[in-house]
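Across the two complexes that follow, chain A remains constant while its partner is chain B and subsequently chain C.
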Partner chain A sequence: MTTIHRVSGLVLVAALLLARAASAQDPRLEHHLDSTTLAVVGALMDSARSAGLPVEPLVQRALEGTAKHAEPDRIIAAVRRLAGELGVARAALGRESSPAELDAGASALRAGVRPEDLTLLRQRRTQSLTVALAALTDLVTGGVPPDSAAAAVLALASRARDDQIADFRRAVERDIALGATPAAAAAVRVDATLREVAGAANSSNPSRKP
Partner chain B sequence: MFEHDDDALNRMIDRLREPVEMDPRLDTRVMTRVASPGFGARAASAWEWLRRPRAVVISPITGLGLAAAIAVLVWFLPTRAPERGEPLASDVTAVQFVVVAPGAESVSLVGDFNDWDARLTPMCAVRDGRLWTVTIPLAAGRHRYAFLVNGARWLADPSAPRAQDDFGAPSSVVTVGG
Partner chain C sequence: MRTGRPAWAVTAVVACSSAATPRLVAQVKAAVDLGVSNVHYDGFLPSTAAAVSPSFRWAAPRTLVLANGSYLRFASGNRSLQANMSGSVFSAPLGRWTAELTALAGASQYRDFTGFSHALLTARLHFDGRRVGAWVGGTSGTTSFVQAQRPVGAFSAGAWTRVFTATWLANATYSRVGDSAYTDVEGAARAVRGRFTIDGSLGARVWSRGGGHGVYGEASGGFAVGPWIALVLAGGRYPTDPTRGSVAGKYLTLSLRLTALPGRSRASLHGITRPVIHHSAPSSDDPPAASAEMQDDGGFVIYAAEAHTVEIEGDFTDWQPLKLTAGAAAAWALPAPLTPGTYRFSIRIDGGEWFVPAGVTKVADEFGPGMVGLLTVP
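Now for the complex of A and B:
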């Protein structure tokens, strides 16, 4: 093989690699971001992909920023922050977590929930954590202190179904809207939900005396 | 009657017993066909031609042109389908969104379920244009969204939890069980 052949081969491989790297960008972002922002967001996405994190939430956060005409720096900061939160969520929830769970876990962390509470939730609940994490986040966003919200959701985690946890969250929000303090609303409603869960379990098992 | 039939039969038998004249070139034609290569032999020959190593001389400019052509091809080929979290077929739920926007000329539902594209999910006005509504299928998970009024004003959903805001315009979240 001559030198010319080697050079041609190297050029070919380099061109292929460059083209492949460029096309690794999400096509939905190419029409919305300038080249510099696209490169930075693309690098963040590549890092997340390499770490086994879901990339779709990052794409959506960037698209939200462009839809809202945010400055490029703000878009990059939001994507970078979310990538970090997804990483912490994965460390807290475990490698087997679904993309939806990691997305919900990242939101919970952002709201102020501690990573340790995410780990406890994973240990206590065998079903998907998406709804439980979303309820936890929404409670904290609605004013319930993170510790109280985590205690309430953890109390429900092992026995309540997703729809019961969602109903619990709605009841707390309703009570807050009617004037109850957030922490008190969560405490009262978690007791009521636990009684409801226990009642449903007893009615489904008539041989067991209350 | 029977004798007449016997005569005809005998004539046919005699005719069949006459020797048949063979084409003198028949042997040659048959041997030529036998000696010619069949499909299997042609395929083996073609495979041998493909496998035989040979030097390909290519100039640097041709190599660069070839590389550029392949790069362009790779560039325009779709690389992957956008990952979209959960499968849509099994755990999709129809969710209705409603917002009060009196006097609005248009309201769109915009969120991570439609790539934040305001053109994709226009809402319909009901009750004299005060109320705007749309129902869409959503996969299990937590979705961020907002309403865009008249293509310019972002509204959060007052009946849903607020999302943490990164961009100075409000968003809401809806969680679909699963």
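Now for the complex of A and C:
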């Protein structure tokens, strides 16, 4: 085989790879990313799609980067990281997880929650995990230590409704804003929510008799 | 509810006395405190409570077993239960040095839910002089809140001295419970004179990550009415204890201590009765410049008083600025409800900087130094 043939072959393979990547591109990205970044992001999306992961969050992450005038390398890194987190979230939450759950799970992982806690949450809660995962993320980003946050949400997981978990999250946020330590606020509010779940009277009054 | 002096003080005093004067026969001591408390846990209204606190102590040469429990009934009718048990073995003295190994387990429950339990193993090395002593030690174990377990680790060092009839102690402890960590510095004193016994402690949580800060102190005074009966008045403020699942509070307790004390002439006065449960904190809303609210139907509203324009960009707008429509009461709404999912977004008012309104989760912005909002639609 001559050198010309070898070079031609390599060019053909590269063209096929680029074409394959281009086939995975989202038209919304074409006007915002340069060709190199577009090809890499497209390849990441293609891999995610092949793995059964949701692709829309990757598209949105790339669009967010372009809207904020981020460097191409930073956009690629953000999309790659998100794809990895979605994969870890899927492994922790199970293959039956919805795209919304995976997206919420990826956010929780990014915040510092352990994959094992996501698995426990899946085991304990029969309803959708989206709100519970969002609450978990919010607690951790609000300063509650990840294992304390996980313990609190896991305590609520089997019995509390989504709206009760959302109320719990808001109550913790208020307490923290008022100066309570995040871990203590979470511990207190999980008590109150459990009381509410148990149907106790006056559970919504934070200044109550013990 | 918790009964007893801080564990470090109890063990240090016991260890010193055990090492210095080994007992030749086992001693058993049992007591029960019947008391009335006024308690004020952080975030709760003050409340009165009736308390019953039994305790048990079995001491043999180089072995010590302690057990205590408490039942607290508040004016509201709610109940709190707590129980602890520990066993310690001490090595034969090697010169003035003694080693101690203590296993401790406990559990607590407030009303019918939210139980805490813990199991700890502590090793200490004591130096026991005639009037001064010191110790270093480490603790390892686990604590569980409902069903979730967290590892516990602690390192402490302390010293004591006897001056006249009083024993003075000081120690510093670094504790780690899960990913919370804190350092306490404490001092304590105990004096016995005739029928009177006085205990006092003063401490501060000088560094903390998730365990709170603050100064705390407790004091108790006891008067031995007779061989089996003592009156004890105790009060003070104590800090959050992540291991046992209690948080800071104040209390004042008056109790009658009934003691079964073979071979002794006075009722035991050792111990402070302290009512402890899991706590709450007050709440109210701070008025933000802009706040966001997720509505039940997937609608999303920004409340921004005095805004002329409100724009939003996020995962649901392909990160293109979208002007919101002004509604009543300074409410700016998305034109259509959002479908279930998790969305990142930011807003800006009157063409200013993009920011995240109050009321939604904020996470680090990967593409800049600020934050980005995280919105979840169930």
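What we mean here is this: the second predicted complex is superposed on the first by the 175 of 210 C-alpha atoms of A that agree within 3 Å, B and C clash if a C-alpha of one lies under 4 Å from a C-alpha of the other, contacts with A are read in each partner's own complex, and residues count from 1 in each chain.
By definition in this document, contacts are C-beta pairs under 8 Å (C-beta built on N, C-alpha and C of every residue); 3 or more make two chains touch, one makes a residue touch a chain.
Values in this document were obtained by computation on a predicted structure and should not be read as measured data.
Q: So, A:63: does it touch chain B (first), chain C (second), both, or neither?
A: After superposing on A, A:63 lies in contact with both chain B and chain C.
Q: After superposition on the shared chain, which partner residues are touched by A:195: those of chain B (first), chain C (second), both, or neither?
A: second
Q: If we overlay the two complexes on their shared chain A, which of chain B and chain C does A:162 touch? Say first, second, both or neither.
A: both
Q: Counting only touches as set out at the top, which of chain B and chain C does A:43 meet: first, second, both, neither?
A: Neither partner.
Q: Counting only touches as set out at the top, which of chain B and chain C does A:55 meet: first, second, both, neither?
A: After superposing on A, A:55 lies in contact with chain B but is clear of chain C.
Q: In the overlay, answer first, second, both or neither for which of chain B and chain C A:146 touches.
A: second
Q: Which chain A residues come up in both lists, the one for chain B and the one for chain C?
A: Residues common to the chain A contacts of chain C and of chain B are 28, 56-57, 60-61, 63-68, 70, 74-75, 78, 81, 99-100, 103-104, 107, 110-111, 128, 130-131, 133-134, 137-138, 141, 162, listed in rising order.
Q: Which part of chain B faces chain A closely enough to touch in the complex?
A: Touch residues, chain B against chain A: 58-60, 62-64, 66-68, 70-72, 74-75, 77-79, 82-86, 110, 112, 115-118, 140-142, 144, 154, 161-164, 166-169, 171, 173, 175, 177-178.
Q: Quick check: in the complex, which residue numbers of chain A touch chain C?
A: Residue list for chain A touching chain C: 28, 56-57, 60-61, 63-68, 70, 74-75, 78, 81, 99-100, 103-104, 107, 110-111, 128, 130-131, 133-134, 137-138, 141, 143-148, 150-151, 154-155, 162, 170-171, 174-175, 177-178, 180-185, 187-192, 194-195, 198, 200, 206-210.
Q: For the complex, give me every residue of chain A touching chain B.
A: Listed in rising order, the residues of chain A that touch chain B are 4-5, 7-9, 11-12, 14-16, 18-20, 22-24, 26-28, 54-57, 59-61, 63-68, 70, 74-75, 77-78, 81, 98-100, 103-104, 107, 110-111, 128, 130-131, 133-135, 137-138, 141-142, 162-163, 166, 173.
Q: Going by the contact rule at the top, pick out the chain C residues touching chain A in the complex.
A: Answer in residue numbers: 39, 41-45, 47, 49, 74-76, 78, 80, 110-114, 145-148, 150, 178-180, 208-212, 240, 242, 245, 247, 277-286, 313, 315, 318-320, 340-342, 344, 359, 361-363, 365-368, 372, 374, 376-378.
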